[in-house]
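There are two complexes below, and they share chain A, which is joined by chain B in the first and by chain C in the second.
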Partner chain A sequence: PRSPQAAEVRVRPVPFNAAFVSRLVPRLRWDALREAAESLGRPSELPPEPSPGYEADEEFLRRLHHVLLEVEVLEGSLQCPDSGRRFPISRGVPNLLLSEDEA
Partner chain B sequence: EITSLLSLCGGQFSGEQEIRVNSPFWILNIPSEEMARGLMKRTVCAKSIFELWGHGKSAGELYASLKNYPTDKMLPYLQSDSTYKVHIHTFNKTLTQAQKIKKIDALEFLPFKGKVNLKNPEHVFWILEDYGMDPNDVPEEPIHLYFGRWIADGQRELIESYSVKKRHFIGNTSMDACLSFIMANHGRVKPNDIVYDPFVGTGGLLISSAHFGAYVCGTDIDYNTIHGLGKASRKNQKWRGPDENIRANLRQYGLEKYYLDALVADFSRPIWRKGILFDAIITDPPYGIREAPRRMGSQKETVKSVERSTENHFFVSSSYHLSDIFFDLLKFGAEYLVMGGRLVYWLPIYRPEYTEEIIPRHPCLKLISNCEQLLSSHTSRRLITMEKVKEFKDQDENSYLLDGQYMPYRGHNSFREKYFSGVTKRIAKEEKDNQK
Partner chain C sequence: VGCDRSKNLVDICGEKHFQAFVCDALSVPIRSGSCDACISIAVIHHFSTAERRLATIRELARLLRPGGTALIYVWAMEQEYKNQKSKYLKEKNGSKNKEKEMNTGTAQSPLNDQGPDNCSQDSAWSNQLLNDFKDESCGAMPVADFRLPVHTNRTSFHSQDLLVPWHLKGHRKKKKESIDTVVVPGGSKELQELSPVFHRYYHVFSEGELEAVCRSLDCVKVQKSYYDQGNWCVILEKL
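Right, the complex of A and B next:
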């Protein structure tokens, strides 16, 4: 889990696909996702836990869709929770390479 | 490809005859027409599929076989209120119009009741004649004949519409469209899957998965490629414009909504949180011929960079041994694939030393297929497809590291030298011949 800090965020509409978003839920670290959404200024959109029956909850799925697929960090950084090391994000692409003395 | 697709459509199949390697015709037993259509919606290998009504090694045998085909199975398509057409296709031979008509007329004994409509028939029947594979030795009579009702065509036009020649953003090693569709089919990619390519480059392999409805993401160690910077690989193009990157490639085909993300990362280093993430991993790792395999290491080595990107560049150094790449790839697949998920990748092979044992193995993955593509007389690459059949446990992680039997591929580390050795030998021989 990595806490993003954003200098520049873009929101771009992406067609909503309930089936896909639903499939993603079991593969997400929910706390990390919420924390990330929070640090990007979108705290209230996600509940503390996905509630049972979420597959049929369109409102919930749409919110999740928005945070996962439509909000993008263009410029900013990600931070490793263990080492504190920051990784830059530029033009929407995170760079996770270590420098030669860290490797 | 066909086996993977049929299992994706929920079926098993049995070939009625052994696959004749040198024949474009293949008889299959498929439980339903729906499954056949499902198959054809995905395959780029198969041209068309027919409901077989009869076949034989001579015209006589064909007619006898047709007479044996149950009439009640024929009748639904021969009704008097329907329209039809008979088409004749000869493989490896051209017939005159008169000859074709004669052969079609010979089938008059079939109970056709409907009206002939050449422009827009409801049902199309095909006579298929196989005149062998040798264009220099075409027999008088076909070696095999088939008659059937046309059901569907395959997806071979995708090869043209997704051709790399027209793609906006390519790299040195972009996969051609046909192969990338075959890989997606081997991966049994279905809508709403998540597909990952750890050596994504310009994203060519992801495009075919996105076409089949999967959401795609990729990583690559090369900053320039992911960002679309630097010299373009297309001849006569100076630099990669601001819009050249994986997302732009997807956008070119209207598949942008399937773009999840791209990251710059070193595959030999862990970046993902533990647990299942992907439905399929489809990739073409660097073999060290046109692009050198790299990983982060401790030596300094300057990388030629282009404007705007210097402080985000990191230095690239120690070589990533080929066998380590596959070791990491299989381990990654075992840990991050869903159960039943597939890993599809190319394995470069030095043919004089190849044996089946050399294919990398992992206790959690089962080898599904191994198909060779020749590159030169002494090298080839093999398309390896594996399926996760066992859950990954932490103790698996290192227990087989020391087990030599899982990685006999190490001998191929000098693939690069071996690849070029044939060339240098030939050059030396030519020089020697020239001196005579």
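Right, the complex of A and C next:
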């Protein structure tokens, strides 16, 4: 599920770890991440694609760090792109349990 | 990122600012092959059939990228191994557990026994009927009228499938503290009403069982298999 919708967002500082953030990049669906950042009302400071040499680009990594780790959806939901089913986020915790008939 | 099926437990993680979500271990909402490593601590022993336990491990393996590793801890039937009693057995009434619990079984069970008054309740056989119980012999056929023993905490296991009592002590106390419950004039009867007991299902693993289940999957390799403080453990590598 993705497409977060947020009723309440919090920004909380998190210590920056360049190596950690850098290693996340290959794991990310970049377009989904940008879309998510936009839908949370965060100005998208992320490029359309991570550019080669991103591992050394501290400014890029810091922006990614901010979006990934420091912006939290406290209340809202995530939506499955296939089924449209919405999963609630409450107190920062997403509940991704399926009901009996959905499983 | 962490996950658990219990919303309340995950909420506690959230309060401590850990990244966690609620989901079922049989259906984890994470893309296949996206994890470098996974740990499953004190989870698989709660699934009631061999089929479901295998499915959980298969699901765990699905999340791993090739070369990724998994660590699994489950409660062991053998709480005394190589003449050493596990911490779970050693800590009797009144002793406080100060160390961080890697003993996954203990992490899930109450630390203090409430004394002789409640012991009879604990050692009674429960009237729980459990369908689909011994599926090794019965396949998908339900087994009628099977009773699960209720375990007496801090003693050895006499059955691989059992219910372990958990005493809920009022609100949000850590399970590990050796606290006295509310002192109520009138004695233990009322005490029992104030602190409800939950019976939690466990399938405790026998030596080699966890390893054998993992070996039946051809997408993973068992790198290491060992015993740790009353738990059977494996380290798997995704092929």
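Simple rule for what comes next: the second predicted complex is superposed on the first by the 101 of 103 C-alpha atoms of A that agree within 3 Å, B and C clash if a C-alpha of one lies under 4 Å from a C-alpha of the other, contacts with A are read in each partner's own complex, and residues count from 1 in each chain.
In this section, a residue touches a chain if its C-beta (ideal position, glycine included) is under 8 Å from a C-beta of that chain, and two chains touch if they have at least 3 such contacts.
Remember, predicted model here, so these are calculated numbers, not experimental data.
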item	value
Chain A as common anchor, with chain B and chain C clashing or fitting	clash
Chain B versus chain C as contact partner of A:Trp30, first or second or both or neither	neither
Partner chain in contact with A:Asn17 - chain B first, chain C second, else both or neither	first
Partner chain in contact with A:Val93 - chain B first, chain C second, else both or neither	both
Comparing the two partners chain B and chain C, which touches a greater set of residues in chain A	B
Clash-bearing segment of chain B relative to chain C, given 20-28, 110-118 or 326-334	326-334
On chain A, the residue positions that both chain B and chain C contact, one per complex	1, 27, 91, 93-98, 103
Residues on chain A engaged by chain C in the complex (per definition of touch)	1, 12, 27, 91-98, 103
Sites on chain A touched by chain B in the complex	1, 14-15, 17, 19-20, 23-24, 27, 29, 32, 69, 88, 90-91, 93-101, 103
In the complex with chain A, residue positions of chain B that touch it	191-192, 194, 215, 219, 221, 223, 226-227, 257, 260, 262-266, 269, 271, 273, 275-277, 296-300, 312, 314-315, 317
Contact footprint of chain A on chain C as seen in their complex	3, 5, 7, 10-11, 13-15, 17, 20-24, 26-27, 29, 34
